[in-house]
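Note that subunit A is present in both complexes that follow, paired respectively with subunit B and with subunit C.
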Partner chain A sequence: MIYAILRRFGQMLFVMFGISVIVFLIFFATPGADPAARIAGRNASSEVLAAVRHSFGFDQPLYVQYTRMMEKIFVTGDLTSFVNRGWKVVPAVMDSIPVTLSLVFGAAVLWVMVSIIIGIVAAATRDSWLDKLLMALGLLGISMPVYWLGEVMNLITQSRYHDSWAFSWVPPLGYKNFSDDPKGWFLTLVIPWITLAILYIGIYGRVLRAAIIESMQEDYIRTARAKGLSEARILFRHALRTSLIAFVTLFGLDFGALVGGSALLTEVVFGLHGIGKLTYDALQNLDLPMIMATVMYASMFVVIANAVVDFIYILLDPRLRAS
Partner chain B sequence: MILSVRDLRVSFRTHDGPVRAIDGVSFDLGESEILGVVGESGSGKTVSLLAVMGLITDPNATIEGSIRYKGRELVGLPPRELRRLRGNEIAMIFQDPMTALTPVYMIGWQIAEQIRAHRGVSKSKAMERVEQLLAEVNFPNPHEAMSRYPHQLSGGMRQRAVIAMALSCDPALLVADEPTTALDVTVQAGILDLVRKLRAKHKSAVVFITHDMGVVSELADRVMVMYAGRVVERGTRTELFSDPRHPYTRALLGSIPPLTGQKPRRLPAIPGSPPSLLRLPQGCAFGPRCPVHYEPCEASKPGLGSGAHAAACFRVAQA
Partner chain C sequence: MSSQVAAMSRKTRGPWALAFAKLATDRAAIASLAVFLIIVLACFSAPLYAKWAGTDPFASTLDAVIQIDGADVPVMEQSTEGLGLGYTPIGPTWRLGNYFLGADSQGRDVMARLLYGGLNSLLIAGAATIFTLIFGTLAGLIAGYFGGITDTVLSRLLDVLWAFPIYLLAISLSIVTIAQGIAIGPIEIQSGSLWLPIIIIGVVYIPYVARPIRGQVLALRHSEFVLAAINLGVPGWRILLRDILPNITTTLIVFVPLMMALNMLTESALSFLSIGVQPPAASWGTIIQDGQALLYTRPLVALVPGLAIAISVMSLNVFGDGLRDALDPRSKVRLGRD
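Our next item is the complex of A and B:
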């Protein structure tokens, strides 16, 4: 077991190394580009330019440049972009991480719980009006673009009905630190959580329903019935467990991607300065060190989420434990 | 009488019209008797026993007739009551041991689950019983086997585990649906031995579904041959093998290679294929494939008659 975990950890490091090399090559080794000028900032003096060139190793071979870059991100943490304005990259990323994590983690808790309930109820009442209603609502949730839904949510809770009893508790847009103001943290995030979760509730509810219905056709379900077990026990103990495998796969991919920056639209709509927003701004300005750092961060989360999914697989399915 | 089935009819609604999978099947089963049910795929042998178990869950199915277990009518019994019998008094062994067990739970847990569903015993008591059962079905190391997952066992071992599970509550009636079909021949012999031994020990009545005449000749006390949803011949094993009356039974027996004497160059096969249940002929369903087929067979379906050894054939009635 420990060996398997260590091996998985080694694989993670290897994948992250690969990603870092590719991203580095794309942005720093593209022919004709002058990264030094980009990093030094607009109208930088020739002294600053020379200093940047020296400090990033742009006058040396590529592998030295790569090593310097990684050193600045992970070891010294003093990676600076727009040097003449003194923009430190690592603290900017560190400040954005809690925002995105809070947003995505809360939404994930919400969507996992609600979609499991919806999937089970729909599968158990298969082909009834309730099943059809839930699936139609799920489809509706999937079809609503998150930026539109977010704006509508804002329109309702921030302006039109803000003064009504229903939404007067909703604080203005923005993020509050959990450590400073836990209640404010929670209240500002409730609407973003719901907005982000609705899409995934639709997808996951439908996926789980389909997986449960598929499991219910298996021979071992017939065995379970022949054993004289109750329908509820058959559903929860025998069908659900095997159905969760597809669910977990999907969750690992989505969670990793969202934490890595895919929650951008939600972040923008609700004025949350998270990783998505940071990456987006960096791309707008071709802020190379910032891109490098956010991509490294994102890849780290995708890789970690995938490793966690692999462990959950092993817990769910003993057939995977042998190898 | 443990089980008494009268005029059982099962039909399914389909896009192409109703399909009558079982059309008036009747049989009786005495205590600790082994009834062999023979027939090819689609003859309705499995469906009729699933109906007995109350395991036809298809909402498009309708079940008519009477199924009495120890005098108690099972058709129309509320699901709760039926569930109390299932696994407890009536147990079933399935065809494919590879897929019959839930892949994510240990063998011991799965057997104990059934015991605990019907008997109010503690977990450790149930586990003790599981170990005993696994020893009974010849697991070399029952204690260790309890913590095995299904994929860690061979097909034969899995089928033994399924049998142990079926026996866990000492059922009065055991339904075995082709339990040896998916196994190697040597493993088959072991399983048949086991069924025979356990019948003697637990005094369960057994319905053994198979398409293998060889298995029937080894195991069954009485035999029932099915074709296109109807019983075409019934009798004791000796009667059926020494004096087969229905042309279909004769054809089935004729397709077994003889152990002694000269072997035929080619084994005789029954010409044609079983009829579609959607378009059954008005007369005898075996008519189109029957070597002794004549006019009366076209007009109506022959009845089985009431004798202990009976065949549903006009030629037999005539003779």
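Our next item is the complex of A and C:
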């Protein structure tokens, strides 16, 4: 087990290093334009350009530039924006992390609960109209652009039906700190949570249904039937338990991807100033230092999250533990 | 039983014919394919529609006046709320060729832009799919067949790309190329070119194709018929082309619709973030972004392109599922989101 964990840990370090090199190469070595001009933003003066060249070490070899960049992002944290003069980028990223995590964790709780229910119901009523309806809805959830769904939600809850009894509780767009106003925090996040969860409920419901149906054909299910166990007990105690393995693996992959993907779009639509919104604003005014920082921190987080899920997996699965 | 006998007495049908026959009985898949083809056809007729409607979907026409039931109606209506200073674009007229879905904030015909935008969305998703399949297959073939140090280097590179969140990688690639374009040797791509989103989306999904292909090639590499060919002294490139490639074709075909669906969503997200298709060109993602400011007054501008994406992607997904069941039922090809 120790060996498996060490191996996975080494793999994680390698991937982190690899990603940092790719980010470095994209931002500093993409041919076509002077990287200093890209970093300094539009219409930078020649003094600013010279300062950027000096502080990022563009007159020095690539490996020096790489260490300079990593130092600025992770060690000293003194990477500054040139579009918003002198704005320290790393503290801004740190401040936005709780917002993104609030969004992602809440959505994850919601999608796991609902998709387990949907998966069980669909598998239990296999090939019925209910099963077909649930699977079609799930497919629809996967097929919608998440930011568009967010706009539809806004249209309904903020504008068209805001005055009806159903949505009059929905607060205006924005984020409230949990420590200042727990109730406001919860209420502002309900609609974003639902929006983000709809996307994943579709995938997870489908995967869980398929896994349950597959495990229902296993020998141990036949044994359980032969023992005279009730169908409900077979479904919950035997089929569901093994099916959740596929579910958990998928969860590890998607939870990380969510932070670096759909959550970004959801934050933009709902005006939640998390890492996604920070990245979006930086994209609008070509603020490269900010994008470098958000991309680097978010992808490192994703890699670590994936590794943590795998560690837990190694601890849980007796077969992996033995090897 | 009798049908089985009949099938056996008939001339043996090849695996392709069997798969096609199976697909033809899948009504959901065929219906989805039809829906998707109708959307493709409609989008490719965009220039015809614009010509017929006499509208230029790329020029702002703030002071245009159109005729509805003989009455003159300005495209941009003076706002009646507040100080009455703002202008609201005209809503849907439901008259084909005459601002059917209304106008956007530049006074442009939304219906015409929807078709042009769809054309770009489909072209980018399609071209990116081809790009990913070509380079993903190439990487998978080389890594799986030649093994050794080549495999180690390629596989580790693919591992890193795989672990890099798709949108973050795409954002990084877009932001450095969006303003000035990119020049690699003799190839120069201007900023604003459709090739930029095509290549960026194509690159980020390469590991999604290359990793499963590598696994398949690795298994085929050690199969008896390939070992036999190697021992006969058949050159490597010939084994790859004649023995290995035909055996991974079904997987590649199954990838096409699912990849295309994924690419449409990715393209729309990038365009929504303003790092995909650049104005004045449009795609469904950029139209949704344009419509965001008009969401509460003229919601159709943002709603209709999103609906078009959802219908296209869903039909591709349903068709893709059917195609997989027909061609390669044992495969577990799953293309996740992000």
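For this structure, a couple of remarks:
Just so we're on the same page, the second predicted complex is superposed on the first by the 276 of 323 C-alpha atoms of A that agree within 3 Å, B and C clash if a C-alpha of one lies under 4 Å from a C-alpha of the other, contacts with A are read in each partner's own complex, and residues count from 1 in each chain.
Basically, contacts are C-beta pairs under 8 Å (C-beta built on N, C-alpha and C of every residue); 3 or more make two chains touch, one makes a residue touch a chain.
Nothing here was measured: the structure is a model prediction, and the numbers come from that model.
When the two complexes are overlaid, the chain among subunit B and subunit C that reaches more residues of subunit A is C.
Contact with subunit B, but none with subunit C, is seen for A:316 once the two complexes are overlaid on the shared chain.
In the overlay built on the shared chain, the residue A:113 is in contact with neither subunit B nor subunit C. In the superposed model, A:203 lies in contact with subunit C only, and not with subunit B. Contacts of A:223 after superposition: subunit B is touched, whereas subunit C is not reached.
Counting contacts by the rule stated earlier, no residue of subunit A appears in both its interface with subunit B and its interface with subunit C.
Residues of subunit C touching subunit A in their complex: 156-157, 159-161, 163-169, 171-173, 175-184, 261, 265, 268-269, 272-275, 285, 288, 292, 295-296, 299, 302-303, 305-306, 309-311, 313-314, 317-318, 334, 336-338.
Subunit B makes touch with subunit A in their complex at residues 53, 55, 57, 79, 83-88, 91-92, 94, 96, 99-104, 113-114, 117-118, 149, 151-152, 162, 165. By the touch rule above, subunit A contacts subunit B in their complex via residues 218-220, 222-231, 233, 237-238, 241-242, 316-319, 322.
By the touch criterion given at the top, residues 11, 14-15, 18-19, 22-23, 26-27, 30-33, 38, 42, 139-140, 142-149, 151-152, 154-155, 158-159, 199-200, 203, 207, 250, 253-254, 256-262, 264-265, 268, 279-280, 283-284, 286, 288, 291, 295, 298-299, 302-303, 306 of subunit A touch subunit C in their complex.
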